[in-house]
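Once you scroll down, you'll see the structures, which are given as C-alpha cells.
Both complexes below contain chain A, partnered by chain B and then by chain C.
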Partner chain A sequence: MAETGIQYESPSHEAETAQAGMWLFLASEFLFFGGLFLVWTIYRVTLPDGFAAASRHTNIVIGAVNTVLLLVSGACLSAGLPAVQSGNGRMFRRILSGALVIALLFLALKGLEWHEDLNEHLFPAAHFALSERGAGLFFCFYFVATFLHGAHMVAGIVLLLWLLRRARSEPVASLRMPAESVTLYWAFVDLIWIVLFPLIYLSGRV
Partner chain B sequence: MSLTLPARSYLTEDGRLRSWLLSTDHKRIGLLYLGTTTAFFFLGGAAAALVRLQLIEPDGAIVSPETYNRLFTMHGVIMVWFFLVPVVPAALGNFILPLMLGARDLAFPRLNLLSWYLFVFGGLLSLSALAAGGVDTGWTFYTPLTSDYAKGHIVLVTAGIFIAGFSTIATGVNFIITIHRLRAPGLTLYRLPLFVWSLYATSVIFVLATPVLAITLVLLAFETIFHVGVFDPNLGGDPLLFQHLFWFYSHPAVYIMILPGLGIVSEIIPVFSRRPIFGYKFVAWSSVAISVIGFLVWGHHMFVAGTSVYAAIVFSMLSYLVAVPSAIKVFNWLGTLHKGSIRFDAPMLYALGFIGLFTIGGLTGLFLAALASDVHLTQTYFVVAHFHYIMVGAMVSALFAGLHYWWPKITGRMYPEVWGRLAALLIFFGFNLTFFPQFILGFQGMPRRYATYPAHFQVLNVLSSAGATILAAAYLLPLGYFAWSLARGERAPANPWGALGLEWQVPSPPPVENFRETPTVTGSPYAYPPMEDGVQDAADG
Partner chain C sequence: MWRAATTLLGLLSLFTAEVVIAVVFRMGLWALLPGIGMAGLVAARFMGLDRRENLPRIFALSGVFWLAILIGLTATDVLTRHMVIAH
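Let's look at the complex of A and B:
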C-alpha cells in the first residue's frame, strides 16, 4: 500500500475507510460463526448426555493453556496501540513479534491436540470411539469449529507478518489505522475462542 | 470489432487482455462481471429450454425423469447464484455506483477484483460438477434427499456456491463502505440516487445473510462426506433445521434478486416522464424496509413442513408486511408517471413492463403468505409462476432497462432504438405467455418438479413452452443488437437522456478516473422541472 488510491482525499481518509471495512467484515464473520454456535447450542440442548460425554474426552489442559495464550496475544496487540500512537517503533515491533510467537504456539498446541484426538479415534467417521448418541455430532462441531478458528488464526498471522514488515520500513505513526484494524480482527478471533472454549471443554465438566 | 472511441477512456486506456484481467477499475470489473453473468444466464437458460421442451408431452418429450431432475437443478443453481444474485449489483452496480457518488472508484478496488475471481472460480467449480453428471436435488439441497438419496457431486457444487458467497460478501462490504465514505461534497443522504439506496439495502443482505448459508453448506458437506447426522434424520439430525438455516439466507436472497431492480426502475421512471420522483423518502426507505423485514419471513417456506402453527402465523403476518414497502414503490412510480410527459424509449418500456410483472408477482405472493391458501398452492406450479414473475419477469426486465439506459454511458455507443423497443415488447409478451398459464396449472393442482403430468394439463403446458420459445428468441435479440452497436452504433453524447444524475456529467465512455475534479452536488438527482409550471428552481427533492 504505497500511495493513496485515486478515490481518496488523503491517506487518513483511506486508512479510516479501511478500518470501517474491517468492522463490517467482522459483522459478516459473526454471522458465519453465529450459525455454527446456533446449531451447536440446539443439539447441546436436545442431546445433553452425548455432548457431555464427548466433551469429557477433550483435553482441557491444552484448551485452557490455549485460552490463556490467545488472550495474552490479544492483550499484547492492544498494548501495542499506544506504542504506535507515541511513535515508538521498536516497542511496537517487539510487541508484534511477541504476539506472533504466542499465536504460533497456540497453533502448535492445537495441532498436538488434533493429533491426540485422531489417535483416540475421536474424528466422527469410521472407527469413531464413542457410542453415545450425539457424541459424533459434538466432534463434528468440534473439528469444524477448531478448523475454521485455526484458519482465521492463520489469516491473522499473515496480517501480523504484513504489519511487522511495514513497521520495519515505515514510520510507525503512519501505521495507526492498519494496526487498529489488525488488532480488531485479532480481538474477533479471541472472542470466537471465548465462546468456543466453554462449548468444547466445559459443557461436560460442570 | 473496430472500436473507435474518444481518445482517452477506460475502454481504450490499455487494451491488452492482461490489463483487463488485472484491472482494479470498477468499470472494467463491472464489465468482467457482465460478461461472465451473461454466459451463466445463457447456460441456465439452455437448461430451462430443455425443461420446457420436456413438458410439451405429458409423458415427457425428451429426457428421463432422472435427467429432468438434473436439468432443473442445474437451471436453479446457475440462475440463482451465478446470474440473478450477482448480475445487477456486481455488473451494473459496480460500474454505476462510483459514478453516481462522484467517486473515482470503489473503496477497495483490489477486493473488488478478488471478488470477481472468487466468483469465476466458484462458478467454474459448480459448473464442472454440473457438467460431470450434475446434481438431482433441486437448488435447495434439502436433507435427507441431499445427504442420503441424491446422486451426484453435491459437495463440489456446494463448494462452488460457498466460494461465490464470499465474492458477494466482498461486494457488499465494498458497496456499503463506499456509499458511506466516498460521496462527493453536498451529496447528502436524501440527494442519493435511489439506485444507490437499493444497492445499499442489497449489500446489507449480502453481508449479513450470506455467511449463514456458508456455514450451513460447510455442515452439509461434512454430513455428506462423513455421515454425521447434522440435518439427516436417518442419522439423528434435524431436516427442519437445515430448512431454517437455508431459508434464513435464501429468502433474503430473493430480495437480493429484486431490490437492485427496484432501484433501476426508480432511476428510469423520472427521467422518461420528466417528473421528480414522487415521495422520494418513501421510495428510499422502502428499500431498507424490504431488506430488514426480508430477514424475518423465512419461515413462510416451511408452512407445510411441520413447523408450529404459532410460528407459521407470525411468519405469515410478517410476510404480508413485506408487501407494504413493495406497494409503496409501485404507487410512487405511478404517482411519478401521473401528468408526466412520458417518452417510450426502450429503457422506459422495460421499466413499465417491470411494474406490471412485479405487481402480478407481488400480489400472487400474498396467496402464498396466507396460511390457508398456501397449503393448497405450495409445491405447485403456482409457486413456480409467482417467483418467476419476480425474479425473471421483473428482475430481468429491470436488468435490460438498466442495460439499455446506461449502455451509451458504458460503451459510448447508442443501441438501435427500434430493436430495443421490439425486444422489450417481445420479452413482455413471451414472458407472460410462458408463466401465466403456470398460475392456472398450479391452481388446478399440477405439482412442480415432476418430469411428467396428467394429460389434461397439456394445453396449458404447450402454451407455456410456446411462450418460452418466444422468450428465448427475445432474450437473444439484445445480444445481437448490442454486439452490432459496439461496432456500428451511433456515437453517444455524454447525456443522451437529459438525465440529472452525476454519472451523466462525465463523457461517454468515462475516463479512467471518472471525474477530473470531484463534483459538488447542490440538488436532487430527480429535480426535473414540472412541465405545466415551466422551469422551477431545482431545489432539494
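Let's look at the complex of A and C:
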C-alpha cells in the first residue's frame, strides 16, 4: 500500500483531495469545450442552411461506430473499478487492455475519416468543395473540435498505458486512487464526444 | 459489472433513439435531446455523481453554472441583434 503524504490526515483524505483536484480540472475542461459548443450554437442559428448542408457531408457511419466504441470503453473502465476494489489484478489488466484497444480503434477510424474528408476537399481552405455560406465555418468547427477531442483521447491513452504498467508491477488494491481518477477522465472524454456526435453528424439531417 | 452493463444498455438505447430521430424522421436538431440524456447518464453513472459525496457535485454544478452564464450572456447579445450578412 502506498504511503499517505504528510499533508494528509488519512488515506481517505488524500483520496478525496485527488478526486476534488480531478473534478476541478474537469470543470475547467467543461468550460473550455463549452466555448466551442457556444460558437457552434451561434453560427448554427445565424447560418442554418450552410451548417445543415455541411453536416450532411460528414460520415455518419464512422461517427456512429466511434460513438459505440467510446460508450463500450467507458463501460469497461467503469466495470474495472470493482476489480480494483476487490484486488482482482488480472481482471483489471484485461479491462485496461480492452479499453486501450478500443481507444486505438477509435483514433484509427477518426484518421480514416479525416483522410476521406481531405480527399473530398472538405478542409476549409483553397479548393473547398462546398459553396453554401457557413459550410466552411462548420468544417472549421469540425476539424478543431475533433482534433481537440482526439488530443484528449491521446492523453487518455497515455494514462491508460501508465496505469497498465503500474498494474503489472504493483498490487492492484494500491491503485484505487489513480484508477478512479483515470476512469473519471475517460468518462469525461466520452461525455464530450456524446455532445459532439449530434452537433456534427445529426444536426443537419432535417 | 451489473451497474456498468445496465448503464451501457441505457446509453445504447438513447444512442439508437437519436440516430433514428435524425436519419429516419429527419429531425436532426431534436436528436440533441437523447444526446443530453446520454451525457447525464455518463455523468451520473460512469463519473459517479449519483453516489459520490457532495464536493464533486459542487464542482460539477459549478461547471454547469459558469457555462450557463457564458451561454446566457452571449445568447442575449446574439439573439437581440439584427444581423445583416453582406453578399
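By definition in this document, the second predicted complex is superposed on the first by the 189 of 206 C-alpha atoms of A that agree within 3 Å, B and C clash if a C-alpha of one lies under 4 Å from a C-alpha of the other, contacts with A are read in each partner's own complex, and residues count from 1 in each chain.
We take it that a contact is a pair of C-beta atoms (placed from the backbone, for glycine too) under 8 Å apart; a residue touches a chain by one contact, two chains touch by 3 or more.
Just so you know, these numbers come straight off a predicted model, no measurement behind them.
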- First, second, both or neither for A:35, with chain B first and chain C second: both
- Scan A:183 for contacts with chain B and chain C and give back first, second, both or neither. second
- Which of chain B and chain C A:195 touches, first, second, both or neither: second
- Note on the structure: Comparing chain B and chain C in the superposed model, the one touching more of chain A is C
- First (chain B), second (chain C), both or neither touched by A:137: first
- Query: So which bits of chain A does chain B touch that chain C touches too?
  - Reply: 16, 20, 24, 27-28, 31, 34-35, 38, 42, 47, 133
- Task: Over in the complex, which chain A residues touch chain C? Could you list them?
- Result: 16, 19-20, 23-24, 26-28, 30-31, 34-35, 38, 41-42, 45-47, 52, 55, 60, 64, 67-68, 71-72, 74-79, 82, 133, 183-184, 187-188, 190-191, 194-195, 197-199, 201-206
- Spell out the part of chain A that touches chain B in their complex, as residue ranges. 5-8, 13, 16-18, 20-21, 24-25, 27-29, 31-36, 38-39, 42, 47, 123-125, 133-134, 136-137, 140, 144, 148
- What residues on chain B touch chain A, complex-wise? 98, 103-109, 111, 169, 172-174, 176-177, 180-182, 207-212, 214-216, 218-219, 222-223, 226-230, 236-238, 241, 245, 513
- The chain C residues in contact with chain A across the complex are 1, 3-5, 7-8, 11-12, 15, 18-19, 21-23, 26-29, 31-32, 35, 38-39, 42-43, 45-48, 52-53, 55-56, 59-60, 62-64, 66-67, 70-71, 74-75, 78-79, 83, 85
